[in-house]
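Quick notes on the structure that follows.
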Amino acid sequence: MKRIGLLTSGGDCQALNPAMRGVVKSLMFSGEQIEIYGFLNGYQGLIYGNYRMLDVSDFSGILTRGGTILGSSRTPFKTIREPDEKGLDKVESMKHNYFKLNLDCLVILGGNGSHKTANLLREEGLNIVTLPKTIDNDLWGTDMTFGFQSAVDIATNVIDNIHTTADSHGRVFIVEVMGHKVGYLTLNAGMASGADIILIPEIPYDIDKVIEAIEQRKKRGSKFTIIAVAEGAISKKDAKLSKKEYKKKLESSPFPSVSYEIAEEIKKKTGQEVRVTVPGHMQRGGSPCPYDRVFASRLGAEAGKLILKGHYGFMVGYRNREIVKVPLEEVAGKLKKVEPDSSIVKEAKMLGISFGD
Amino acid sequence: MKRIGLLTSGGDCQALNPAMRGVVKSLMFSGEQIEIYGFLNGYQGLIYGNYRMLDVSDFSGILTRGGTILGSSRTPFKTIREPDEKGLDKVESMKHNYFKLNLDCLVILGGNGSHKTANLLREEGLNIVTLPKTIDNDLWGTDMTFGFQSAVDIATNVIDNIHTTADSHGRVFIVEVMGHKVGYLTLNAGMASGADIILIPEIPYDIDKVIEAIEQRKKRGSKFTIIAVAEGAISKKDAKLSKKEYKKKLESSPFPSVSYEIAEEIKKKTGQEVRVTVPGHMQRGGSPCPYDRVFASRLGAEAGKLILKGHYGFMVGYRNREIVKVPLEEVAGKLKKVEPDSSIVKEAKMLGISFGD
Amino acid sequence: MKRIGLLTSGGDCQALNPAMRGVVKSLMFSGEQIEIYGFLNGYQGLIYGNYRMLDVSDFSGILTRGGTILGSSRTPFKTIREPDEKGLDKVESMKHNYFKLNLDCLVILGGNGSHKTANLLREEGLNIVTLPKTIDNDLWGTDMTFGFQSAVDIATNVIDNIHTTADSHGRVFIVEVMGHKVGYLTLNAGMASGADIILIPEIPYDIDKVIEAIEQRKKRGSKFTIIAVAEGAISKKDAKLSKKEYKKKLESSPFPSVSYEIAEEIKKKTGQEVRVTVPGHMQRGGSPCPYDRVFASRLGAEAGKLILKGHYGFMVGYRNREIVKVPLEEVAGKLKKVEPDSSIVKEAKMLGISFGD
Amino acid sequence: MKRIGLLTSGGDCQALNPAMRGVVKSLMFSGEQIEIYGFLNGYQGLIYGNYRMLDVSDFSGILTRGGTILGSSRTPFKTIREPDEKGLDKVESMKHNYFKLNLDCLVILGGNGSHKTANLLREEGLNIVTLPKTIDNDLWGTDMTFGFQSAVDIATNVIDNIHTTADSHGRVFIVEVMGHKVGYLTLNAGMASGADIILIPEIPYDIDKVIEAIEQRKKRGSKFTIIAVAEGAISKKDAKLSKKEYKKKLESSPFPSVSYEIAEEIKKKTGQEVRVTVPGHMQRGGSPCPYDRVFASRLGAEAGKLILKGHYGFMVGYRNREIVKVPLEEVAGKLKKVEPDSSIVKEAKMLGISFGD
């Protein structure tokens, strides 16, 4: 008999449900008796003891469904050790609820921030297994995260649509792709959709180089240019600022995001019409793509196996095409980023894509 | 032997290519010899004599392709009679090019503005046949325009995706749907995707009614609310302003669009998090949906028939499930709008959708 | 207070759930108290008293979901008056269950066969409202049925995919589209996807004309030909047989369906490779398309209105772009078919599509 | 200056165009002058000197297009050394055309069979670079082939659709997925869509085990069962036959494919209704998925690099998330298969999926 807690934390993404289904199905088919406690809205549910008893049948038919049946929320790690507005000690409260329910294990589906908290709970003596969830693919210790390929599919589809209309009109189009710190999503969606220029946080851009790339396209006879811009794209000039200075700059900016600033600069310097599209949260929604469904199901199954064996303190990750377990202390607090001289970036450049660098 | 000019004008949309393919195929299969002159980038091509001779094979394989093989541009009707920056008389120039090429007919694919110019050219003695192109479905004289259903599909898909993520997080989400003057697209996409509140230009909203609808949803246990807002949504207060005053207000607004203003008001009055998504030009792009492909092909075929018979001066439209010809003078300058007391609006209200009125 | 029965009958299709959601939501928002009895698996549930009490929340979130939450089954009308294997009088049993539950009304979502039974129940004194469900669009009394446009989208997508591969290889491809008696689905999917030849039950084909069309394409330089064949396509020769003779012929045929027979004849007479694709039940599945979601929701809302007013004995249909009520006795037993000389068929021919006639 | 030949061979698949675009773009942007000879319809074009001079612009806009702009055909390796019907020595003819055009290199996009011929041409002194194309993912020496993920997406979508309808009706549904020798496609599409039973060539099935799995589902309350069957699925009994005997058995079978035979056995032994869906060539068509577009573009770029360096005799493959070059002699004649005891199969079983073994 195993008593399992489940929670989904952070910005939601597309294969949370298949991953949880994988955990529960693999436990069920192992013949082990299980009791499942679903904490609602991420760590909030664990802090405030807000949970729902779940039945195996709750996980039936959710393989294709986006979102999470448990709800999610962001609980900032920075303040996790501070008491809440009513004076409640959040970490103690989580421990209390875990031990009160006499759980064998807590399965946490989360991204970067959530893994810091997961590791903290491990240090506090909880049995933790985590699954790497994020559309950003920026988790250390795993080649891939679920949600990523689904988000690539959506962002690609957005740029594909813009492509048709750009082709007819002859303009510069900017599509703002999610990703504040890491550019995998923008890089892949940009390559998949034939974007001409890709701007990502890891490779600061020079606006003059961006404009040069637009002008060169015109010379080669192309009426339009499509730029995939990550939310966190940054100019070479701004990259030299301190974190504090840059934050200040952003806050005092008249533009809702960096895309609008880039658009304005291009308009000024080239006189061309520029249109900005912001698909936003759309990139987190919809049915998980088949790749993510298989991937999340496999991760879930292997998480089930770890639980059966009582191997705790791991993230179930993916390396060199095999599902592996990665110690939580190795994962927490680290970010996986696009290497500016990695093969995929070089290949993108070989295909004529400019990074504005 | 028929010498045909073709041009696509205004904001592009999804079934321009199938419609042109329909015209050309129906002429070809009639056995009539044809010469096709494709004017590039809308009326610009006609004004400046910028065209390409097209072959029947140019129309092969374009049934599924978005955009327009001819390019498009907006040429404002208001200034059509004013000379261009070099002093060129635009109307005379269009007539000149038409008659110089000895065309039998000019086929114009366009929306509201383009139909005014089309009718002007008719009055000037040109043989004109038009096809009703617009994602707004706001053309007078036809029940349906091509591009509309494809845009509904895309906007619906955007809201569907937001739905999954909204469901997980518990927030107010605003999706800004195209449509400055007319709300068909927002109304249909909103109904198709289960939006809770729909705000369209034809039904000015009261922000307190909008907030009341959000609060009622909360009382019924719903964590989130989705609002589909047309670009041209307007508050009851603003609807009382003169056109001039309202324009001034918009220009001095700190918000990029009305959606952001609504978002701000909801945040202030309810304290809830609000997210805005702007799919923008994405709604004009991508492959035409099957409905539009059939519809545009049928319109194109009937346009071919009019040309063969020498019946000029008509838009090919759709009424009561039949393709009909509508005199251009009836179409030009009129706008088809959502009637606030039409059955579809009443039915939407019966389903619990609030229009904030 | 209204006590409502709901049942979905016949082959399932894509917007059954949105339609039921429409009925329930419109009753709920009217302020009327309601009790909902969902009969399981079509008329079977009514015959055997197999039902589930449903709550308004059961209809939440099903707008985008294919299938039917009630299950469906085919109950042949021909034997409806015959007792079942245990001697149960089926009609009496349905009446018994209806009156025992003290229902105010029974809402039936069904196609052609189901409407005969619905009308029979009306004659027997039950209060009936029906909704026109079928991917075939063959119901008398309504311009459109829900499920149809979703099925067109799927069948079109199948032929689109075949198009790419056909283009690369150079073969004859046959895609078998659903429709035993009526060709609307094949006609629309064929036109939407640019099929070269369309064979439907209403227009018997001559195999030599089909081959002639293939040969003419070759002469014009086309490497491949795509034929959309309705399940019920019939040759001119076979169309002269009596119903009995034709049935016998089909039963003794070595081919699983008419597509394979046509394929064989083309192979023999032209020596060309022919491939058959049978998407089958796929055409009934998946999420309803936005068109169907709006349409089914509107029909559902108007059905709710009829129930509130106590107007029974009607199918809620669609005519000239308005939702209307159609007396059941007018609908039952009649089939709406593609007219061989209707505008859409003529337009298809104008576009060069052969019907093999 | 480089003179490059291009050919696409074998059954077509979804990312042939992006891969060729990648090769050409990377050569173009390297600054090298290039001349491109596109051989039509696979090796046929090389044998008969049937080619088209291509321009860089021919590769513009094809990133999203399925099929191949060069056409394809199967040229059986077994008879490649036999003269054609007119006595032409095929191998000599290919060499002749290669050297006559003074090519620097021939880029071959193909699957298993095509790689045998590619290696033969290498042995004959031609400079060869190949790209791994196949929806089967069965090429030795690479973790992944392009076309595979796109086909998984399509087959998954088919089963998703069947799922909705299965859910409503309560039947056994068989979906026949492409793959005569290798089951990767069926395995992945089956896992992605939640198939209950997966039958692949590498794991011979016992029909009694299949039926047992159906019965167990019934006991657990499931009305329906979905079986994903690879074209080359084989029973344990038949797996004991010699190749010759099995071929004979298949030829004399009354069933068009093994799916129909399995359907018949289930019907007989359980009395349940069984429906077979055969998506067929649909799985090779349509726009390449974003994953394949990025992947094929990267492979193409690296092929361009090999050509620039004059490194010939390699397939450009993918191992451990890096693009690598694999000597052709290692690839030719070997098949990569699903290992029955690989992790993914084990994980599928942990999720409750039966392989009928």
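First chain written, first letter: the chains are A, B, C and D, and each begins at residue 1.
Simple rule for what comes next: contacts are C-beta pairs under 8 Å (C-beta built on N, C-alpha and C of every residue); 3 or more make two chains touch, one makes a residue touch a chain.
As the structure is a computational prediction, the values presented were derived from the model and not from experiment.
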For subunit B and subunit D, the touch-path distance in steps comes out at 2
Separation of mean Cα positions, subunit C and subunit B [Å, integer] = 31
Averaged over CA atoms, how far is the centre of subunit A from the centre of subunit C? Could you give it in whole Å?
-> 42
What whole-Å value do you get for the distance between subunit A and subunit B if each is reduced to the mean of its CA atoms?
-> 35
Check each residue of subunit B and list the ones that touch at least two other chains.
-> 157, 160, 163, 167
Among line, ring, star, complete and other, the chain contact graph is ring
Contacting chain pairs, sorted by label, are A-B, A-D, B-C, C-D
Which subunit A residues qualify as touching subunit D in the complex?
-> 22, 25-26, 28-30, 61, 63-64, 143, 149, 152-153, 156-157, 160, 163, 167, 188-189, 191-194, 289-291, 293-294, 297-298, 300-302, 304-305, 320-323, 343-344, 347, 350-352
For the subunit C and subunit D complex, residues of the former touching the latter | 8, 12, 14, 16, 41, 65-68, 71-73, 154, 157-158, 160-170, 173, 223, 256, 260, 275-286
